[in-house]
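Have a look at the structure below, then the notes.
As written, the chain order gives the labels A, B and C, with residue 1 at the start of each chain.
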Amino acid sequence: MRVLRRGTLGTLGTLALGGFAILALSAAPPLSAQEDAAAAGKVVYDRWCAECHGETGQGDGSAAASMLPRPRDFTQALYQIRTTGSGQLPTDADIRFAIENGLPGTTMPGWPNLTDGEIDDLIVYLKSFSRFFGQGPAPEPLDFGSDPGGGPAAIEAGAAAYLTMLCEECHGLSGRGDGTSAPTLEDWRGLPIRAADLTEAWVLNGGSSVEDMHTRMLTGLDGTPMPSAIDAMNSGVVSPDEVWQLAHYLASLGPREMPPLREVIRVGRAEAGLPADGEEEAWAGVEAFYFPMSGQVVQLPRNFAPAVDGLWVQGLHDGSDIALRVQWNDPSNSPDPNWDEWQNKITAALDLDGAEPIALDSAGAPTARPPDAVLLQFPFEPPEGTDRPYFLMGDAREPVYLWTWDSETGVGAGRGRGLDSVEPLGEDPVTGEATWEEGRWTLYLRRSIEVESDGLDFAEGAPMPIAFQAWDGSSAEVGKRSSVSTWYYILLEPPASSTVVVTPLLAMLLTGAFGLVLVRRAQDRRRDG
Amino acid sequence: MKRYLSHPFWQGAIVIVVSYVAFEWVIGYVLPVIGVASAPVPSSVILQYMLTVLVGIVLYMSADEARWKSFKKPIHETMVARDRKTLRGILMVALPVLIGWLAYQNVRPSYAAPATLRSVHPAPPNQLTFRGETIELTGLENPLHEEGSIEEHLAVGKRIYVRNCVPCHGDLLDGQGHYAPAFNPVPADFTSSGNLPQLTESYVFWRIVKGGPGLPREGTPWDSAMPAWETILEQDEIWATILYLYDQTGFTPRTWEEEGEGGHE
Amino acid sequence: MRSHFWNRSAALLAVAAMAACGGGDGGSSEAADDAGEATPAAAAVDPSTVGTISGMANFGGMVPTMEAIDMSAEAECAAGYGADGPMAQSVLVSEGGLANVFVYLSEGVSGAPAASGAATLDQVNCRYTPHVLGVQSGQDIEISNSDNLLHNINATPTENRGFNISQPRAGITSTQRFQVAEVMVPVRCDVHGWMQAYIGVVDHPYFAVTGADGSYSIANVPAGDYTLTAWHEEFGTQTANVTVTAGEMAVATFDYNAEMMGAEVPMGDALVLEHGTNRIRVERTQ
């Protein structure tokens, strides 16, 4: 019933509901136009949307159980992404925004394949799922004021406003979603939901621009624990300008777009010696490479909702040893009993694809608390041509060399012959340690570039294949329920070679000399001639 | 302007500049914009093309005595004339620097990934085994065309696709699922005219049943994250998914008659 | 048992006396006042046409022990409780009376005065006060924060539009309304997972919440035959038929015991998530 215009409604507002409905119908364009649009919308919906959102719009499509957060339930008309106040219905433009852009960080993609007209029809149909649309006046966007501008001072003021508004209770002091309340958060269905990791703006449901973040703070995200800050602002806890500054601060917490994928990790030479751990200041100047991770969705049981969505990798070497620093965000330092409830809820909420759920004891506590873990894998023998072992930890024919770490047993090395076949290597060629701080793991790994008869030699200047896996214990990730990457490369920078300087110089000298000779000869000939 | 256009030297110079622009930018970046499938030309290939152009120009200019003379004239003038001393000086510095820079580009350490040649559609085998059962691929048709209701098959195919394939191949079937960025090579784009319409249903069946691990070497089986779906799905579910892929994208599969003429690339 | 009986009777008498004296003054009982109940003041009620319903929610047998709440995360709140610390509030029994039962006329009401005045919901020491609140549809609910820390008030109705508002300081007040009847609307604070309140929304002013002693009273009810429903967060719903005679007091008593624990508790139109199939059913309760 989006055809009801506000002007008409203003005068009708005082009338009884029955009379109101009759009048409203008479004021509306022919119902058939709406019906036509809804019918056209249904065709689009059934073709593209129904398998996740369900035929009746309840967010209960066939694939929904493997998704967390679940697909939207249109019958409740609880829309996260709005420009209207908390609990209010979205405007048509809001629904369009979500369809066009998708909800980053969820399984909802943007739909560039749909035409404007198709989206219009779809909106009419989506609204028809809920009894809330058409009751009362059309939703109106809030007044968001205007951005007083960014810059370092604004960001600093925004950082203060972050603490004033106590955002860290859920999002954590560094914004990585590791606040005290994070383990108990639920969406409106009672399913576990993460406090957003504000340092990974590219997976924020409502977009990563300053305007997006400002809007989300004032409207809240309906159906999630994220409240609207509007009453706090109107009560003077923060000024409207400070809310904008807070948005600038949030936008400054990390890259807005997913870092571009670079296939080769460049491991530079540490002239001043290798850092001795992951905390050393020297790492700050080392180029970091980001690798997005996917759930392990290749072999049963699959993980369709992985917790670790990417790793940052840095490397240095000194000609004899290589040191790697791997960092990733994880709001829980598993095992941690504070996250028991979270682990139980994840286990109950997700389709585990045949994996055995972690049993609960009589008091309702989980009988196992898996650790967090990461592993790096390399081919066992130097690669021949482009041949490599299978990217999921090799196979019986071609094993992989694993650098392993988990939060209980620490760093180790192993031989992998497939996802469920790891045997530890006898010696301890890989050393290192990990620290967890404010929702982020920092893992330091170190090994000799060459280990006698070990099978893994990092020849300087030659790209070595590398792949990753990660687990979040408190999200009940064990065994094959992991995050994975395919093969990338790691390359140790060779010692500075004189050819890099000599060859261009020689080329310049030769060209210059040749030019001089040519010119001199031409001039001599002319003088002679 | 006209003076330049009619002068052999400037003609040569213009041909060189135009050729370079065409190789470097037009082929790689302009053509895709106007809808022609294309990709950037590798620098080694550009170098080869440019040498060919240069040789062509020299051959053309030297073919005629008068033209050759007037072609050489500006070059000679620059080398000897008093009033071109400044230009001469600039060139004497600029050319060696340019050559030096090119040499540096060649010898500086490269941090690029080694080039991999990967066949996107390697030749299929004649037969495959599905959980031990041998199936002849040659001449194989999708059995669901002949049995049951196509609507029901499509509904099954859609359910299978959304449950299993969407994370990588995407809701839009464009290979841009939410986990696609984590995979190299990227998941297949079913909306591309280079994929489904070029393939028979039996080929797609083979690719789904055997997945990444079942690729021949030229398909780099170690890289592909495509599961071998025989471990997860039944044959009919796979055939239904194939029906859905073609129905949802609007493509028609290649038939065995066409297959006989063309074969796989 | 014997002393319980006398206590209850005394409470009932006190309530009746209050109601009789209160006249047209909204008819809120002392017990309801304790619970922060705000019954809209009915405008100019003719005493010759209305009566009162009062009674008790009795609890018999072993009282379930309430679990301690771990408020260590908010020392400021924890300090507000005695040596035993804060306990859960789902079953509060005192002298045989069950508190926080929402009692309302579910059938028989024809026409009702419009809502007036505001109901209040406060947050004190990381708990809602009251724990169970009744309001009339359209009535203002003033939600305030007496704790100088972050609460969010997340109301998740299914018949009404919800809201989720942050109050990061003491002294902030938010005013909200529910437009249609819905028993009950759950309210929670996501920052403090233990904080839970329920708001019963009905489209008339004839409701009450049992006080600490289990008593309730609904005044100014037009004479007639009604169905009275009592809702409790652990014990579900019970109904009783009452006939209100002008100028008199009708009595309706509800009995509870520990065996009823875990009964199906209607919550507006309950949305039930079936794990495994992931279907979400709407369970119609009204």
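Heads up, the rule we're going with is that a residue touches a chain if its C-beta (ideal position, glycine included) is under 8 Å from a C-beta of that chain, and two chains touch if they have at least 3 such contacts.
Owing to the predicted nature of the structure, the values given are computational and were not obtained by experimental measurement.
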Point to revise | Farthest chain relative to chain A (centres taken as mean CA coordinates) | key: C
Review point. Looking at every pair of chains, which has the largest contact count?
Key: A-B
Point to revise | Centroid distance [mean C-alpha coordinates] between chain C and chain A, Å | key: 43
**Study point:** CA centroid of chain B to CA centroid of chain C, Å
**Key:** 69
Practice item. Could you tell me the distance, in whole angstrom, between the mean C-alpha positions of chain A and chain B? Key: 29
Exercise for review: Note the residues in chain C that touch 2 or more other chains, in rising order.
Suggested key: none
Exercise for review: Provide the residue numbers of chain A that touch chain B in the complex, in ascending order.
Suggested key: 47-48, 51-52, 61-63, 66, 106-107, 109, 111-113, 258, 261, 263-264, 266, 291-295, 297-300, 304, 386-391, 395, 398, 461, 463, 484-489, 491, 493-494, 497, 499-500, 503-512, 515-516, 518-519, 522-523, 526
**Study point:** Interface residues, chain B side, partner chain A - complex
**Key:** 76, 79-80, 88, 91-92, 95-97, 99-104, 106-109, 111-114, 116-117, 158-159, 161-163, 166-168, 170-172, 174, 176-179, 181-185, 211-213, 217, 220-223, 225-227, 231-232, 248
Review point. Which bits of chain A are touching chain C when the two form their complex?
Key: 58-60, 64-65, 70, 73, 75-76, 78, 86-89, 132, 136, 164-166, 169-170, 180-181, 184-186, 188-191, 220, 222, 224-232, 235, 237, 348-349, 351
Check your understanding: chain A touches which residues of chain C in the complex?
Key -> 73, 149-150, 152-156, 158, 161-169, 171-174, 179, 190-193, 271, 273, 275-280, 282
